[in-house]
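Below is a structure I'd like to ask you about.
First chain written, first letter: the chains are A, B, C and D, and each begins at residue 1.
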Amino acid sequence: MIDLRKHCIELLESRGVSLEAIADCAVYLQHAYFPDLKREDMIESVMDVLGKREVQYTIMTGIAIDKAADKGDIEDPVLLKMLREDDGLYGVDEVLAYSICNVYGSIALTNFGYIDKDKYGIVGQLNKKNPDGSYPGNHNTFLDDIVGAIAASAAARYAHAQEK
Amino acid sequence: MIDLRKHCIELLESRGVSLEAIADCAVYLQHAYFPDLKREDMIESVMDVLGKREVQYTIMTGIAIDKAADKGDIEDPVLLKMLREDDGLYGVDEVLAYSICNVYGSIALTNFGYIDKDKYGIVGQLNKKNPDGSYPGNHNTFLDDIVGAIAASAAARYAHAQEK
Amino acid sequence: MIDLRKHCIELLESRGVSLEAIADCAVYLQHAYFPDLKREDMIESVMDVLGKREVQYTIMTGIAIDKAADKGDIEDPVLLKMLREDDGLYGVDEVLAYSICNVYGSIALTNFGYIDKDKYGIVGQLNKKNPDGSYPGNHNTFLDDIVGAIAASAAARYAHAQEK
Amino acid sequence: MIDLRKHCIELLESRGVSLEAIADCAVYLQHAYFPDLKREDMIESVMDVLGKREVQYTIMTGIAIDKAADKGDIEDPVLLKMLREDDGLYGVDEVLAYSICNVYGSIALTNFGYIDKDKYGIVGQLNKKNPDGSYPGNHNTFLDDIVGAIAASAAARYAHAQEK
């Protein structure tokens, strides 16, 4: 059987997202509670999140839509325009992100809401746009939220693990 | 500005789903509480659901993925295979459906869970598959759940409206 | 540290709900896919669900509200009336149930919607009411949904585990 | 029939939360997009949120649990301790808050995550605790999240309304 975690890590890397960049966001979210936390301490939690089936399917689906937007492989012109401009009221990207966070409970959801607005690190880089609202390179309508959700979930898992 | 409700009704019809078929499912879900309920009484609720922005975006996105599966316009072979076979553990379709139901509260979610398993009417027709698990015509991985969610939400809206 | 799983099992038993009765509901939900499944095979999944912190907190909170309804320890007369009659539009009980299911993904949510309407086994027993809508014994506004959600989640966990 | 919106406004006021304080939080969340937005412009959105049945039930339930924690009217000593200290891993309060936000879609959820961590205005005041983690006055385990969710939802409604 194919190793879906490895498959997803490769998909993320093909869009410029490393495990380390995700771990850095997760560390940032836990910094106030664990000031000495390091990137290395968080990699295990990121890997745990990437090992969940529900998360893997969401990553594959979100990146597939972003790639279809890149290539114009979306028949519906109304949707294509929204995806290419990451329309502020389009919320399906956040819906997918929440499905990742849900697995890790309410702390993950709150973490996600914070980093989605605060745009730390790789989450902010994936959000960079031209002055006219278009993306300079790849379309990352889904990817920025998915990466934020993985980081938010890894941070929540770390917090829960420290209590046990 | 484009009329997104009209756009979505046309998208649904292009995949073989009529307003009447959705209304029939919604009536079925409320039958135990309102035995005299008719299709005509439910159309207003279906139209209300289709008027919500969140619902419209979800319809457009789900149908776009189904169409990409039809045409093979999905680069990732792992994901394409799952979409074409509606893999039982793939749950992103249900996640999108829940985002429709959430707007109408917990009754809509319960209704959706029921019709998704019971497969009444058009929901069942969209689920028809060949003995090997492949779809006989269009791939409806997302569409069956979206239609179930619209019906579940219309039924919930009707129930709430009767109490006021 | 207190064993919260044991604490929750005792709380459930104090309200007439056994592990076996929950396992029976979970078996029922998987019967179509695994016809030979037995209660004993499902106990491990039920125990896994009861081991999650998010689930434990929800059980404790839901049962606390039901007990407060029993004793009249709720100041707000509007809320007390709704809890004692399990008002059909009151949906906070389902909201708590969904937070259990969310941990186990979309299959758990669909399972919950089904058993919540179908009312198999202990879920149905907890729902029994007098002709005037009041409960014959304890108020189980929250408990029936929580038990349905634990069974739905255990069934989803079992389904996922078979695929690995 | 009792006016449930009025009932909820009175409940909120009895715990020190005014409509104006909620509107201020909602304005804060929209400030980056609408710099000239004033409290008065937001009151209509706050009132719309408070008019939803799902929201009203959540407010009544959350405040009832907080009041039970004040009075010690919770039989389960494990739960009572967690509520009185707003244990960081207890997430049922956020679960209820999400059920409010869900009605207003994904923007509301993101807004909530932000204000829940940022703790602006009344949300921060409700969170004030003694150095030992206990509350100085009323226990607001649920109320702070509910108020944040109402503000987040009102802000999302305002954003959506401007686009139409």
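A few notes on this one:
The rule we apply is simple: a contact is a pair of C-beta atoms (placed from the backbone, for glycine too) under 8 Å apart; a residue touches a chain by one contact, two chains touch by 3 or more.
Model, not experiment: these values are computed from the prediction.
Comparing mean CA positions across the assembly, the chain most remote from chain A is C. Residues touching across the chain A and chain B pair largely coincide in numbering: over half of the numbers involved belong to both copies. Taking each chain's centre as the mean of its C-alpha atoms, chain B lies 32 Å from chain D. Averaging Cα coordinates per chain places chain C and chain D 27 Å apart. Touching two or more other chains at once are residues 53-54, 89, 91-92, 95, 99, 105-106, 160 of chain B. Of all residues in chain C, those touching chain A in their complex are 53-54, 99, 102-103, 105-106, 160. Here chain A touches chain B in the complex through residues 2, 4, 7, 11, 53-54, 57-58, 60-61, 63-65, 67-68, 73-76, 78-79, 82, 89-92, 95-96, 99, going by the rule given at the top. The residues of chain A lying in touch with chain D in their complex are 88-89, 91-92, 94-95, 98, 105-107, 109-114, 116-118, 159-160, 163.
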